[in-house]
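Next up, some structures in structure tokens.
In the two complexes that follow, chain A is the common piece, with chain B as its partner first and chain C second.
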Partner chain A sequence: MNAWLITLIYLINLLIFPLFLVGIIRKVKALMQNRKGAPVLQPFYDLSKLLRKTETISGSASWVFVWSPRVGLAVALITAVLVPWAGTLLTPNWVPATNFLLVIYLLALGKFLTMLAAIDTGSAFGGLGASREATISMLVEPTLVIGIAALALGAGSTNLLTIYAAPMSPLVAILVGSALVVAALAELSRMPVDDPTTHLELTMVHEAMILEYSGRGLAMIEYAVALRTCIFLGLAAQTLLHAWPAYTALPVTFRYGISILSLIALGKAVAVAEGIFVKLKWRSVPNFLAFAAVMSLLAALIAAAQI
Partner chain B sequence: MSVSEFMGGSGIWCGAAVLLWLAVAVAGLLKRKYSGSALSVLTIIGCAFLLLAAIFGRNCSLAFPLPWYLGDSRFSFVIDPLSRWFLAIIGVVGIPVALFSPGYLRHMRQRISLGFVWAALALLLATMVGVILAANAIVFLVAWEVMAASSFALVIADHEQRDIRRAAFIYLGATRTGSAFLMAGFLWAHQLTGSWSFSEWSLSGVSALGPALLIFVGLATKAGSWPFHLWLPIAHPAAPAPVSAIMSGVMIKTAIYAMARFFVVGGSFSVPAIGPIILILGAISAFWGVIFALLQHDLKRLLAYHSVENIGIIMMGLGISLLGKRYHVPLLAQLGLAAALFHTLNHAIFKSLLFLGAGAVDTRTHLRNVEKLGGLIHRMPWTAGAFVVGSAAICALPPLNGFASEWMLYQGFFAFAQHGHSVGTRMGALLLMGWLALIGALAIACFVKAVGVVFLGNPRSQQAEHATEAGRGMVIAQMLLAFMCIGLGLAAPLILSPLGKIAAQMGSPSLLRRTWTIPIGLLALLLIVTVGVLAIWMRQLSRSLPVRRFITWECGFGDLGPRTQYTAASFAQPISRIFGAIYGYALEVTVKGRHRRHFPETVTAETMHEAHLETKIYVPILKSIHRMSGNFLMRLQAGSVHQYLIYMALVLALLLWIGVGR
Partner chain C sequence: MNLSQIDLFAAGAAVLAVWMCGVTRVKTQLRGLLLQTTLLAGICVLLSADEHSVHLAILGLVVFLVKALAIPIFLDRCAKRMGIERDSGANINPTLSLMIGCGTLFLGYFLIPSFAVPEMMNQGAAGMALALIFTGMLIIITRRLAISQVIGFLTIENGIFLYSLTQTRHMPILVEMGIVFEVLMGVLIAGVFIFRINRSFEHIDVTDMRGLRH
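For the complex of A and B:
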């Protein structure tokens, strides 16, 4: 396919699809609750509205608060460029080699900035959210690293593009894919770890951190969250697709279609899960994330035995 | 090799640096009240000489001619890529520390004698150079001992405080114990080889295990590795901040240098058991350091625990390097060593930056308890900015230097997983990757806490409220280190060539160059451009809709006081609870008042933890030693001259008997 065309599709995908996915998740969630729900394009309307509103910043806030969303969004964009969340074949060849550890640490950089910004305003909610976010990422990051390392061991490379271009052992793919789904629920502040739509700040994690943001700052954060949603769900979807041995042999356009469809399906699954699960007690979160850790460890064991 | 050849190589610069520092030491001792701008400049020039030797110098060695003998070995020194690397570390940290010190020491001038601090500091720098250049065990030990003594003098500089005297005493005990192990190991190695020269030691097999273990314990004590780290979080916070920076940044690294020299690069000992031991102790240290750091409320103590963590990370690198040597996988051996050495440099830079930041806060607020600080980013903007960069670097966030070296360590683990001989080792290597990720995430939690509570939010005390920016020299020193954090992160591919030279000392040509696969410069550029575009766009938008400043949302209850902010203890609570079993974490909340539930009069919350290693193992051992000396040894030293004469006669008889028996 033409290199320019690929780049075009890639960039459109990058700029439009994340918000679309968030819209779909919200719509399905509304349907689950017997509501009609906002249109799927609502996140776009929200974003353009936020960009046109006055931004209010706390008097206690410093440059950390101001620059955190800018750098955070830039980091999320770069990470989204690097990660083959919609499959590897449509990745243009100007995208540099992507080490999975670089991706995990780039995501950590974004979280580090968000947590600092949360504390910056001197609000108790910010500190509470940051503290919980730090705890959750402490529980999730080892799982992510071990799980993807198990895939990397099978592919013989730490480059994400190489990992996802090669066939995988189906068992490892299923285990790591499921671990990534559970990890994604925690990292994206979704039910049952965190409730993104609650009205009580004390029960929130991510929303408590960004409580002080408004207008443009909030718009950038919302977009970064949408990108992160795509990155995590996309990685999980790609890994699960690799459990189907014929997947890597399919024609290019077909694979792209399946990737996008599976990403949407996974988003819908997350929405359904939000509809039927209750939020876990904060103290039970480690037990829930232990499932992901165990699946990752099993995958690592199988990968280590199969090499 | 002759003196002139040595001088032609890097030797002249090292020699000049050492002489300069000895002059500083003499000057400092002569002028006790001198605050030291001139001494600072001289120290910086010495560090610059050292950097010249490290970067442009050649490999050389030197043995002094006949009259210069120490016992039965010569004064001999050697400069090779490995020692040049560590000379660079001394120089790189020495310059900002010397820049920072005059401003910092000024606020302590009533309590301590400044000339004395400069003298001890210069002596410490000079003896560290001695340790790194030493080519035989005797020179090494002499330099090592003077290094320990001068650092002890620095720890106890502020000796009017009881805590500091206690800390210095514990430090002295730890260094004595470490040196005793080291000496025993050296003597044993001398016994086996008949030589004091490191280059002539090539011990392997079962007989080498004894001296290797003794030397390792001695070095691990100095490095502050678990379970010998006990002294580190006590002694480092007690010293003045620039000294903490030198101790944490450089001095404990001399032990890492010696480990690399004896076990990894030099091949003095090829003992298979040492590799797994270093790896496992490193893994435990890294975790142990960071979970205890989370609990600390004293900023410098928190940083000291992070030194335990980072020494652990460095040792993990050395450990897999040794395993690579053992299984004949050059890639693994080189990656492990390179990651360890690179992290040594990086840790030296960001840890000294953070200690200097803590020192700057200390001079302006006279507080080290983080729970009393807050909001300093508005009052000390430069210090805060540098501290944020240092924190991001120690958390291994890209594109800073900590990320580059930890990434190399991850690559090392991955190579270990690929080349492991059994399922167990491969699985173990993957687990180590997860372990490092866990440690990294905990470090992020800890530094979000440290930065958040100290610099962000609102001030929690009068002192923090009235703080002002530190002096110019102090700020420049911190900025210098912060730029180094960024620069080394971006220049990581260039660093691979000196690291490759060290790796080549292990015998096979360097494979490092092709292991670096991250286009870090491109990514940094991309990041800057994207942030720039976003910033310009946002500025464009804010033309029509300016930003409004308002209070932080207080739920409609009225003004938020500083006490409503999250504290360091509450920030760390969720993680501390998860790992609570390790240190007996407990949180006790008491609510008092008649209608306790809705209208409490007083609410107190108290957290407790206990370091089991200290209370269950070290304290009983120390107590029994104390008891023994009280009950038994005290009687031997009764102060009676007759008794002492009997001892002398007995010892003389014993020696005669041994001598005749031979």
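For the complex of A and C:
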């Protein structure tokens, strides 16, 4: 296919799809609660509204507060360009080879910036949210590193594009895929770990950190969160798709369509889970995440046994 | 090492057993047992295709019907009638036992060279069978309720069945069928027994059953 066309599709997908996915998740969640819900395009309207508003910055905040969303968005965009979250085949050839550890730590960097800004304003909620977020990301990191390392062992390369272009062992793919789904729920502050819509201060994690933001800053944070949603759910969906042995042999456009559809399906599943699950007690979050860690550890064992 | 499809099925069963170590709801544990035994029945069918033997396919069907369907459904009804939902674990908490279960799988993997029969096809399955046996023991040790002890026993039994299936030149089908129905009888008797314990003591917590008289 034409290189320009591929680049065009890639960029449009990168810029529009994340917000669309967030809209779908919100819509399905509203339907689960027997509400009609906002239209699927609502995140676009929200974003354009927020960009037109003036930003209120607390008098005690420093430059960290102002720069954190901007740098955070840049980091999220770079990560989204590097990660093959919608399949590898339509990746333009100017995307460089990416070590999976780089991606994991770029994601961690984005998180670190949000936490720094939350502490910067000196509000009690920000500090509490940041400390909880740090705990969660500490628990999730082994799952991500070991899980993707298991895939890398199978593919014989640490380059994410090579990993996701090669066929995988179905058992490893299922184990890592489900571990990534659980990790995504925790990293994206989704239901069993954190309630993204809550405004009860005692239980907020992510919301507590971005409480002080308004206007342009909030818009950038929301967009970065949408990108992260796409990256995490996309990686999980791609891994689960590889459990189907014929997947890597399918024609290009077909694979692309299936990738996007499965991403939407996974988003819907997350929304449905949010309607069904009860939020975990803060103390039992480590128990929940331990399952994900064990799944990726076992996947690594099986992948190592297969070489 | 080259893992065959049968080895991967065995690994799936072992992973499910490890997962059962960390689960506290009895109903979810029984679902794990169901899936685990279904995978073993799948191994029977795969082997029957490999060796062109109808006996193994029949055995697979019987294992699926009796050990994967009848027994978990019976235990589930027992639990429902006694009003049991959760087994919070004794001595070691479930999350830690999940980690130890993970360790038993690694142990099983490293024991493959000493336990696998050299001339058999599916070497990896031997290690996974050992892992199933260890994990079953772990479930028995770390659980509080008598019904979980039965689940642990069934996991051990699955391990022994897997070992005999993949590492020997198969017992006569009559013997295998005999064992399957023996297990069914054992579980039925254990179910009735647990009922009696529940009636006399009003709980089935084995950590409280130290002395013979209360």
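Throughout what follows, the second predicted complex is superposed on the first by the 307 of 307 C-alpha atoms of A that agree within 3 Å, B and C clash if a C-alpha of one lies under 4 Å from a C-alpha of the other, contacts with A are read in each partner's own complex, and residues count from 1 in each chain.
Criterion: a residue touches a chain if its C-beta (ideal position, glycine included) is under 8 Å from a C-beta of that chain, and two chains touch if they have at least 3 such contacts.
Model, not experiment: these values are computed from the prediction.
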Item to check | chain A as common anchor, with chain B and chain C clashing or fitting | outcome: fit
Next on the checklist: Quick check on the superposed pair: does A:V71 touch chain B, chain C, both, or neither? Answer first, second, both or neither.
Outcome noted: first
Checklist entry - A:V294 contacts which: chain B (first), chain C (second), both, neither? => result second
Item to check | Centroid geometry (CA): angle chain B/chain A/chain C, rounded to a multiple of 10 degrees | outcome: 90
Checklist entry - Which partner does A:A305 reach: the first (chain B), the second (chain C), both, or neither? => result both
Checklist entry - Does the superposition put A:P170 against chain B (first), chain C (second), both, or neither? => result second
Checklist entry - Thinking of the overlay built on chain A, is A:F232 touched by chain B (first), by chain C (second), by both, or by neither? => result neither
Checklist entry - Of the partners chain B and chain C, which touch A:P286 in the superposed model: first, second, both, neither? => result both
Next on the checklist: Quick check for you: in the superposed arrangement, does A:Y213 touch first (chain B), second (chain C), both or neither?
Outcome noted: neither
Checklist entry - On chain A, which partner touches more residues: chain B or chain C? => result B
Next on the checklist: Between chain B and chain C, once the two complexes are placed on the common chain, what is the minimum CA to CA distance in Å?
Outcome noted: 7
Next on the checklist: With the touch criterion stated at the top, can you tell me which chain A residues are shared between the chain B interface and the chain C interface?
Outcome noted: 286, 297, 301, 305
Checklist outcome for this item: In the complex, chain A touches chain B at residues 51-64, 67, 70-71, 73-75, 77-78, 96-97, 99, 101-102, 104-106, 108-109, 111-112, 115-116, 119-124, 126-128, 130-132, 134-135, 137-139, 141-146, 149-150, 152-153, 156, 158-159, 211-212, 215-216, 220, 282, 286, 296-297, 300-301, 303-305, 307
Item to check | For the chain B and chain A complex, residues of the former touching the latter | outcome: 374-375, 377-378, 384, 388, 392, 395-398, 403, 407, 410-411, 414, 417-418, 420, 423, 426-427, 430-431, 433-438, 440-442, 444-445, 447-449, 451-453, 456-458, 517-519, 522-523, 526-527, 530-531, 534-535, 538, 541-542, 545-554, 560, 562, 564-567, 570-575, 578
Item to check | Touching residues (chain side chain C, partner chain A) in the complex | outcome: 1-3, 8, 11-12, 15, 18-19, 22, 94-95, 98-99, 101-102, 105-106, 109, 124
Item to check | Residues of chain A touching chain C in the complex | outcome: 169-171, 175, 286-287, 290-291, 294-295, 297-298, 301-302, 305-306
